[in-house]
Amino acid sequence: MFYIGLDELLLSALKEDVGTGDITTLSCIPEESRSEAYFLAKEEGIICGIDIAARVFYLVDQRIALVPKMRDGDHVKTGDIIAEVVGPSRSILTGERTALNLMQHLSGIATATAKAVSAVSGTKAKICDTRKSTPGLRVLEKYAVRVGGGHNHRFNLSDGVLIKDNHIAAAGGIANAVKAAREAVPHVMKIEVETETLDEVRQALDAGSDIIMLDNMGIELMTDAVKLVGGKAITEASGNMGERDLSEVAKTGVDFISIGALTHSVKALDISMKFKK
Amino acid sequence: MFYIGLDELLLSALKEDVGTGDITTLSCIPEESRSEAYFLAKEEGIICGIDIAARVFYLVDQRIALVPKMRDGDHVKTGDIIAEVVGPSRSILTGERTALNLMQHLSGIATATAKAVSAVSGTKAKICDTRKSTPGLRVLEKYAVRVGGGHNHRFNLSDGVLIKDNHIAAAGGIANAVKAAREAVPHVMKIEVETETLDEVRQALDAGSDIIMLDNMGIELMTDAVKLVGGKAITEASGNMGERDLSEVAKTGVDFISIGALTHSVKALDISMKFKK
Amino acid sequence: MFYIGLDELLLSALKEDVGTGDITTLSCIPEESRSEAYFLAKEEGIICGIDIAARVFYLVDQRIALVPKMRDGDHVKTGDIIAEVVGPSRSILTGERTALNLMQHLSGIATATAKAVSAVSGTKAKICDTRKSTPGLRVLEKYAVRVGGGHNHRFNLSDGVLIKDNHIAAAGGIANAVKAAREAVPHVMKIEVETETLDEVRQALDAGSDIIMLDNMGIELMTDAVKLVGGKAITEASGNMGERDLSEVAKTGVDFISIGALTHSVKALDISMKFKK
Amino acid sequence: MFYIGLDELLLSALKEDVGTGDITTLSCIPEESRSEAYFLAKEEGIICGIDIAARVFYLVDQRIALVPKMRDGDHVKTGDIIAEVVGPSRSILTGERTALNLMQHLSGIATATAKAVSAVSGTKAKICDTRKSTPGLRVLEKYAVRVGGGHNHRFNLSDGVLIKDNHIAAAGGIANAVKAAREAVPHVMKIEVETETLDEVRQALDAGSDIIMLDNMGIELMTDAVKLVGGKAITEASGNMGERDLSEVAKTGVDFISIGALTHSVKALDISMKFKK
Amino acid sequence: MFYIGLDELLLSALKEDVGTGDITTLSCIPEESRSEAYFLAKEEGIICGIDIAARVFYLVDQRIALVPKMRDGDHVKTGDIIAEVVGPSRSILTGERTALNLMQHLSGIATATAKAVSAVSGTKAKICDTRKSTPGLRVLEKYAVRVGGGHNHRFNLSDGVLIKDNHIAAAGGIANAVKAAREAVPHVMKIEVETETLDEVRQALDAGSDIIMLDNMGIELMTDAVKLVGGKAITEASGNMGERDLSEVAKTGVDFISIGALTHSVKALDISMKFKK
Amino acid sequence: MFYIGLDELLLSALKEDVGTGDITTLSCIPEESRSEAYFLAKEEGIICGIDIAARVFYLVDQRIALVPKMRDGDHVKTGDIIAEVVGPSRSILTGERTALNLMQHLSGIATATAKAVSAVSGTKAKICDTRKSTPGLRVLEKYAVRVGGGHNHRFNLSDGVLIKDNHIAAAGGIANAVKAAREAVPHVMKIEVETETLDEVRQALDAGSDIIMLDNMGIELMTDAVKLVGGKAITEASGNMGERDLSEVAKTGVDFISIGALTHSVKALDISMKFKK
């Protein structure tokens, strides 16, 4: 999961954690000391970020080798060994926290996503993320969502169109807004419209929207909305989905359920690094 | 809560969220449109990040004015208005998500911290954070901990000494490790040692440690450890404190309780931005 | 036409042009000298980049005022005054070349685009750009295309899907490739497939492609292809369109004509800066 | 043609083109796929940028090998293979456009320069560039000019002195301006003065200018000017030289002809990347 | 002595020194030329920065090998060979000045520090540095102080507490200031208070300061102050120590002597690079 | 003395000095506190860097006003007030050290330069600097040299030609080297050749060098060299000039004396910031 810009992010995370040097390690551990360590799962979940952790150590010291014992997306249980790390002790200790912070965070997201995906299994609904992500980590967090079995919504304001109430009000109605967007944005983009009532759904449909977001609707209303759309557009359930009964939502027949909590309220997966004695 | 480097962080967060431009807004909303909007609390908690949100909007467009209705650290209830925003509609929409993502995240931390602080009220124990923070956001997250009534542990590996088992093993015992650190690190630093048994506590004490971390100890053992230390060093309870009964821990008499979950498992506070019609 | 990141680009352009200081100006022109100057069109075309030029001067010295006499998109003739600039002489001279280089380049693109748009007037074909742009300037160049009356194709590899022969070969046919992309990419994206024969057009259509690129086709073949598609997908003519008779291409009934030459072979519009005596 | 700062430029170009990832390629092409491809000349010209293209691929993925079949400065004909590329298919596709955009642009410059050089062959005149270059690419573009057989004028405002009318007016005449510059700028710099009349040429000569620019002069005037200078200074013809008969200009006896169009109005050389089946 | 951020510093130093390319070397020395060179001490002192120099060359060209003949901290005499460098001649010449500028500067600091350390030998006083360092080079300069046998004071305003007169005035006395700091700063920090009189020393002591700075005191006063402190806090002599008789200061019994001149008034050690013929 | 890139340098210096925040000041001084302070000369010299200091404070907090009481280049005596600073106390304290470190360093250079200039007064020799400057600070240091009355040699390897023994050896003699450089470098550059013997001076002269460096020559030899050159080239004395009798050197008739020590061995001028009570 490498991308242009990842190294910059990781170096900046390392700078933040290391400051001007790990003074404890430098004073207590001799330069020539070598260690073996391993990443240990301390709770059950979906692991994510092994390659990222490897890259963190690479950036600290190219002499560190990280040997994966699992792959991103694997289900881990308490006590599982995720990866082993061998190299200069000082460098391993210097990279440890940054590697862990990232892996725990991403695994937390993958685990929560997998749980959501599982809750809608047997339906056609797909779980997807939102732009409610942690500043600086969006590309990684969206990767974790995919690792957990979810799908990605747009990455930013320039690679997808989502027409909301303010846009509609300013453009003078849904039809005008859709038309304005269709005219102006690259033709490779679909047009999504946020709706809260059946009437808005109908307008969005008539306007030729490609995707219709059903925002904060109750189950009954959502069911009617999906029926109304009748496959002529993609439907997406949205609005505090992190606190809804996803199975119930999925049974309305929606195509996508987008969940902000996947990335805005992450519970880190418990992982620790242990040194072999 | 400004610091050298904050603008860089916020610009990079904006770039991540905006990409090459907010195509929906640019196509639907005229350049000359002006709006008034407000930040609304949708659940109870401690608000944090108002100035940060203001700075986000400033960086998007200096013509936006954010008028705070509350101050960081204030207790908000559902329905409270946190701040108002006035300016060019396009620019407000462009900054909205980044401002919200930051404010919700930081308020989530402040809220969780306040809860922990409250749990130990009546004891002398202070709640503090760890280095288990979100990569890129440490300075802001530690600010949120303070806003929530907590204290900060070290910010990075260079501004505090924490001697752990690997350091002890490499240095040949606690006494040697403390001596090595004392000799090498700036004299403005205290020396903290991680201990898991009474024997280790005793060694740390004899070695002249300034702070003794009581790691993963049960209540009884911790009580004995605090007694053993007898005020001759600062004591700090640590190890999955996010899942412990903090009141019980505090009653052992420890000086500090450090909680990784404050920053590694953040539940965003629900806040939204509404436009005045 | 401001975007997050523009200042960084302009500062870097200024650094490139100014080096460690404009030694000629510093030695010949006193610090207190003030000047008035104006941008003069020396050939006919579509002007683009006035705000960019203003921002360049702002970054050099906030005491410079640029007063636009025209707006981006205006048709200029030889001798027209585009904007006036007032401020410290040294700073105006320091920013002159960078402002001109950008405005001439962008105006060249807008002018060429307008020419292409005019060539297809009376047809439904829209002119659009490609990713064959000048490294570092893509957002500005795509803005210039819009200013010239054209449309934008995708901005980068992550905000649009374009399945080419290598993708098709690797995926095992057009149907498989479209299916794989549909499954994996955000649902806000359309799927475009590159075709060179009627058979490929048919496969792309059957696979449910949203956009079908007709690559390097002769007029007859293109006409048949458009007929075959029959409005069930968007069609886009491509392949050295900079050297084709655009009117003829447009008459085949294609929806879009994408032209790399708009941005890869730019003839700068002749503009100069004159000082008022 | 490596320089400190090149990697930064190329990474930024890649980021611009790749965004958060090549979603088409990632969805259609398996990670383990390997490919061989080659760069093919589709028109005649001077090739430039092979090492730059190699560096682009290196920055995308160090496992890609680019094997040059030609060297910068070589004359290519339609159908010539310029270089071969072997490595992971995904990475090759990710770097393709950035590598091509740069190589086509630089080859376009080298080709135009070679044409200009050829036009003045048999005279002593040398072709050189100006500061009218594409923002961000100056060092590369000036390299392309050299590859095409041209010479470089100054790279920026701090590494050369060029006294123009504003400097002269502010300093109170040519003599004063030259004196002021001679006094203030590093003694390693020559002093160049822009002139438009014989009288100005004479003043520049009397003032001890090292280089005299003959700006926008007709052939006759230029001939007289060169004669007047009589070898006591370097002469440089300038002013829309891209549209002049260079051979005629050269025959006036000038030492240099500086041509802005070499870099401000670049026609990309047609090159494409093909995959071996 | 590597730290996260060092490469960035060195690349920026190289860019500053190389500009857009070493034009003399590029024109005179063929690309394929290889050279052997060595760093030669031209005066006596303590060498520092060999690894830094090696990294400079690595960043210029990975084909250069620097073979150390000494280690940082070694005492060199005129004529000693410090390191040898082998590789492409052009690259060696390109990196030469930056490598030398850094090594000479850091060796100058190490040498001055060693002199100060030697002046206090036989006493318990330790020599330490201040924040009066060269902007941009602090981490390296503090490393050089350690190499010379000195100790480091705080690295910046966030990793140490130093209460000065303004803080005291604003807080309402020493006791209040110490209390305020103790309450607010991370508990891993000691509290240092600046004093100028015996009364202030007493107040600082009573307030529980960990470190007491004796600022600009004469020998007699300092002796009394040290006596008054009586080992209940660390003492640090400060104030133009670069011009004091350090042996005399040390004999007062202070624990630390901090000397700004170590880093603010550096005399470069004379080192040159010679090519083997 | 502003240049594109200065803010970047100052922000990076501030980050280095402030870290994540001035914890002493934040804990002791209330946010609303305002102060007046002034910069006080504590020894005699030439002041340099007042505008730079002002810019440092501006970058910390735009509410700080620095009012200059002197101008760069002024001669200060002990007790002189250089500038006053008014604004938020916290911000003043945060910027103090960075402003001082820069102003003391630059004033040290200006002072040493003025001393050298004065030593050669009455002769035609001009004092100039070298590339032996502090990494990161070259543009500022060369500004300080000018402020002290000196001249600048080249700023970097790309804005001046200096042919040394290695270049000569590789090119096959002085004549060849000069010819190669003349052919390849921009025609706005002069050619300087380093010589150590009369024979080399003669060769350099015959080769048409514009500047001849007389390196490490004794007074007698230098006198002969200057005579030999006879005004047909600029002469520059070089080589440990920081330790030579400059007046004696100047009397040989050389045009320039370049002194590395001006920037590589800087003694900071003693300046401090005082708060008004």
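The letters A, B, C, D, E and F name the chains in turn, as written, and every chain counts its residues from 1.
To be clear about the criterion, a contact is a pair of C-beta atoms (placed from the backbone, for glycine too) under 8 Å apart; a residue touches a chain by one contact, two chains touch by 3 or more.
Everything numeric here is computed off the predicted structure, so don't read it as measured data.
> Tell me, please, which chain's centre (mean of its C-alpha atoms) is farthest from the centre of chain A?
F
> Please work out which of D-E and E-F is bridged by more C-beta pairs in contact, and write that pair.
It is E-F, judged by the count of C-beta pairs in contact.
> Would you mind pulling out the distance in Å between where the CA atoms of chain B average out and where those of chain F do?
Centre separation, chain B to chain F: 45 Å.
> Just how far, in Å, is the C-alpha centre of chain C from the one of chain A?
About 33 Å separates the centre of chain A from that of chain C.
> By the touch rule stated above, which residues of chain E touch at least two different other chains?
Only 18-21, 139, 155, 158-159, 161-162, 185-186, 189 qualify.
> What topology does the chain contact graph adopt: line, ring, star, complete, or other?
It is other, because the touches fit no line, ring, star or complete pattern.
> Give the pairs of chains that touch; include all such pairs.
Here the touching pairs of chains are A-B, A-C, A-D, A-E, B-C, B-E, B-F, C-D, C-F, D-E, D-F, E-F.
> Looking at the complex, which residues from chain C come into contact with chain D?
Contacts found on chain C: 9, 12-13, 16-30, 33, 35, 89, 93-94, 97-98, 100-102, 104-105, 108, 131-139, 155-159, 161-171, 177, 180-181, 183-186, 189, 240, 261, 264-268, 270, 275, 277.
> Quick check: in the complex, which residue numbers of chain B touch chain E?
128, 151-155, 158-162, 185-190, 192, 211, 234, 236, 255-256
> If you look only at chain F, which of its residues touch chain C in the complex?
Chain F reaches chain C through residues 3-5, 139, 142, 155, 159.
> Show me the residue ranges of chain B that touch chain C in the complex, using the header's touch definition.
It comes out as residues 11, 14-15, 18-21, 60.
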